[in-house]
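Two complexes, one shared chain (chain A), two partners (chain B, chain C).
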Partner chain A sequence: MSALTGWWDDFFWGSVVVGQVFFVSLILMVVFGLIGAAAKLSKSRVAQRIADAYTVVFRGTPELLVLLLIYFGSAVTLTAIAQLFDPSVKFVDIPPFWAGSFSIALIVGSYATETFRGAFMGVNPGHIEAARALGLSSVQTFFYVRIPEMWRLALPPFGNHMLSLIKDTALISIIGLNETLFAAEQAIGATGKPFTMYIVVGCIYLGFSTIITLTVMALEKYANRHLERAR
Partner chain B sequence: MSANVTDPIIVLENVDKFFGPFQALKNVSLSVRKGEKIVVCGPSGSGKSTMIRCINRLEEHNSGTIIVNGHELTDKTNDIDAVRSEIGMVFQSFNLFPHMTVLRNLMLAPRLVRKTNKVEAEALARQYLERVRIPEQADKYPIQLSGGQQQRVAIARALCMKPEVMLFDEPTSALDPEMISEVLDVMVDLAREGMTMICVTHEMGFARSVADKVVFMDGGEIVEVAGPTEFFESPRNERTKLFLSQILAH
Partner chain C sequence: MSFDVALIVDSIPKMLMGLGLTLQLLILSAVLGLLLATVLLLMRISGKWYLDLPAQAYIYVFRGTPILVQIFIVYYGFPQLGFIRDSFLWPILREPFGCAVVALSLNTGAYVSEILRGGVLGVDRGLHEAGSALGLSAHQRFIYITTPLAVRLAIPAYSNDVVSLMKSTALASTITLLDMMGIARTIVAETYAPYEIFISLAVIYLIMTWFIQKAFGVFERFMSRHERQ
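== the complex of A and B ==
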């Protein structure tokens, strides 16, 4: 453990970054998933096709590749645009934090699209009719009936999507984000102890995934409370 | 009697409804006055549900006129939510919101649609639970109740909106036989209190005791409309006779 002396705060701040990326990408992932599901369930053929293309592409290509394409693709484009105005510019990029969060949210959002679509289809249409018959607007019905009912069905796979997200944050070190893996690599460079450093990173991720798993379990219990009491 | 007592509260005139090429309602006309109780019967697939679902626009009719409580239902009815809030509907399969307690099921629409405050909405909910005789179930979830209790909650939920009209679509068809009467009793009470009701049901005892008119549908058409005594004792149409012989046989 003495090898770790002096590196604790690097790992700590790296973990904070992992937490931040997770938080931002979780929100984006839910947004992408809901938009994707809404498009797939819409009556518009065009929207359906676009959403189909989205899920096929992002579920069918390696995550690392998507991350690199988005980061370098956006950097090449931005650099070209910047050079139009100032030819001395060498390289402009989107900050790795945002490029990374966006990329992993886009990838996991393609899985969430399918999860949300299935869960919305699992809502009993009779309950929606009952809400409309009482005079609730479609927006009220969405928030008070559809979402709470689909939520229960979506939670178990959604927990898996959150685990995917947290693990995917590790990929972002490759485009230079100062997270835990990045900290480990620097520590390895200085101490020559790769095994120790990678174990530390592993423990940090296990900590994160344990918190997620426990949270999802608690949420599932809450979402199924009406079924629990019936037993 | 003042004019609004005798004026019809629901009018259907020459209503047609198509599902794709299939015509589910054919030139249906019906008028219901305030306080009237209409029982609708007919074979499965004859368009009974479709007709009452058109009245609160869960289905959109294709031609003809539907006027509910002074509002004509058209594509341009932009305040359909307000019209619906004046019409209570009870479904065969109860359709309670499973994730809410009984009390919250009852409070939801008054709070969201009528903007009633929480205290009043709860008082209203408890009052109607009392009326359907299950005040002690307020804090349970629907799944914990029997079918008969769930249906009574569904009736109370509709009543909490203080509707002008109540629509019932085979409210007892999904119930075990021993639970049918507890639901019918509540409906009879409601009828006695003067509620305007359209009930799709094959409970002929209920029809005889509360109906002002019995409407018989077959093949998307209204075949016969008559007072209950006339309907059961001396039906005019052959199809009505056949139907009655079938349902009274078992």
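== the complex of A and C ==
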């Protein structure tokens, strides 16, 4: 434990970065998932094909590969563009924070696409018909009937997607993001205690996972509150 | 900025030299992980709290932390501990390959045991009751009724887990192993052509994913052959 003296603030700021990446990528992941699901459910053949390709590619290639491709790919492209204006430029990149958040959101978004699509299709058609028969407009039906029911179906897998996101943030240290694994590497360099430092990182991630799991459990309870008495 | 086709043609064979290592990591970890998962499953369904609780804690920890951190703990962390350096496991844990297999197996075991448990819980209770009405013992019921049905129910989820294990093998490149990912990263560091190299490698991984899914599809159809009329 004494080896950790002086490193707590590094781990703390690393955890803050993990939290920031998580929130940015969570928003992007929902956006990608909704766009993908909308494309799969649309009548356009082209949109369906593109969304199919998106889910197949990003669910079938290693996360690390996607991350490195996006980070180094964008860096090569940006450097080439910058050199058109100023040949003395050596290297331009998208900051690892943004390249990383974008990459993991793109990956987990491909899983979320299937979740959202499944939840949309899982809504009982009888409920939609009942809503229309009661005279609700299609907008009202969407917000008062479809969304609450979809939300209940999508929550458990959505919780797993959030866990994947938080765990994938660890990969971003490979392209140089200053998060907990990065802090651990620096602490190891100074103290020579790799086991202690990586266990601390593990505990930090376990803490994040626990918070997410408990939040999802609470949300599920809230989403299913009307079913409570029936059980 | 151009797409260098000659470089792709040149580097695909180089990356495929790492295919053997990727497959070794995948198959060894899948087999060891499945063994571990079976043990954890039996602990979970034993009905004894002193077996159930440790298994639950194990699954919670290994599913709640990133696989990259687990690999680093095994590869960089374990040598700090004297009793591991003195143990019989040291010849395995001294090598990056051994560390990668150990970390991947420990990780996948936690996920697979939950998949298997889902399969076991999915077996219809009525079939159990029919089994005991026919005079089968608890052991016989587990082997002849629960196991075949649970295996069939678990196949789709298990095939997804094998795909994600395959994707995790790419992380072995972070502990100096030259699997396909490791070779690709070396080539990119030399040529600075990330698009050509990484996209070709993505295609190779996609083919492997497709192959795994097809193979499990065949297995699933074999296990449900009695349902075909």
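Here are a few things to note about the model shown:
To be clear about the criterion, the second predicted complex is superposed on the first by the 218 of 231 C-alpha atoms of A that agree within 3 Å, B and C clash if a C-alpha of one lies under 4 Å from a C-alpha of the other, contacts with A are read in each partner's own complex, and residues count from 1 in each chain.
Operating definition for what follows: a residue touches a chain if its C-beta (ideal position, glycine included) is under 8 Å from a C-beta of that chain, and two chains touch if they have at least 3 such contacts.
Everything quoted here is computed from the prediction, not taken from an experiment.
Legend: residue contacts after superposition of the two complexes on their common chain; A:131 is shown touching chain B, with no touch to chain C. Once the two complexes are overlaid on the shared chain, A:148 sits against chain B while remaining clear of chain C.
Residue by residue along chain A, chain B and chain C are tallied for touches, and C comes out ahead. In the superposed model, A:64 makes contact with chain C only, not with chain B. By the touch criterion stated above, A:227 is placed in contact with chain B alone, chain C being left untouched.
In the superposition on chain A, contact is made by A:188 with chain C only, not with chain B.
In the superposition on chain A, no contact is made by A:214 with either chain B or chain C. Once the two complexes are overlaid on the shared chain, A:174 sits against chain C while remaining clear of chain B. Those residues of chain C whose C-beta lies close enough to touch chain A in the complex are 1, 61, 63-70, 72-73, 76-81, 163, 166-171, 173-174, 181, 184-185, 188, 192-195, 198-199, 201-202, 205-206, 209-210. Listing the residues of chain A that touch chain C in their complex gives 56-57, 59-66, 68-69, 72-73, 75-77, 80, 163, 167-171, 174, 181, 184, 188, 192-199, 201-202, 205-206, 209-210, 213.
Of all the residues in chain B, the ones that touch chain A in their complex are 56, 58, 81-82, 84-89, 91, 93, 95-99, 108-109, 112-113, 140-144, 154, 157-158, 161. Looking at the complex, you find that chain A touches chain B at residues 124, 126-127, 129-137, 140, 144-145, 148-149, 152, 223, 225-227, 229-230.
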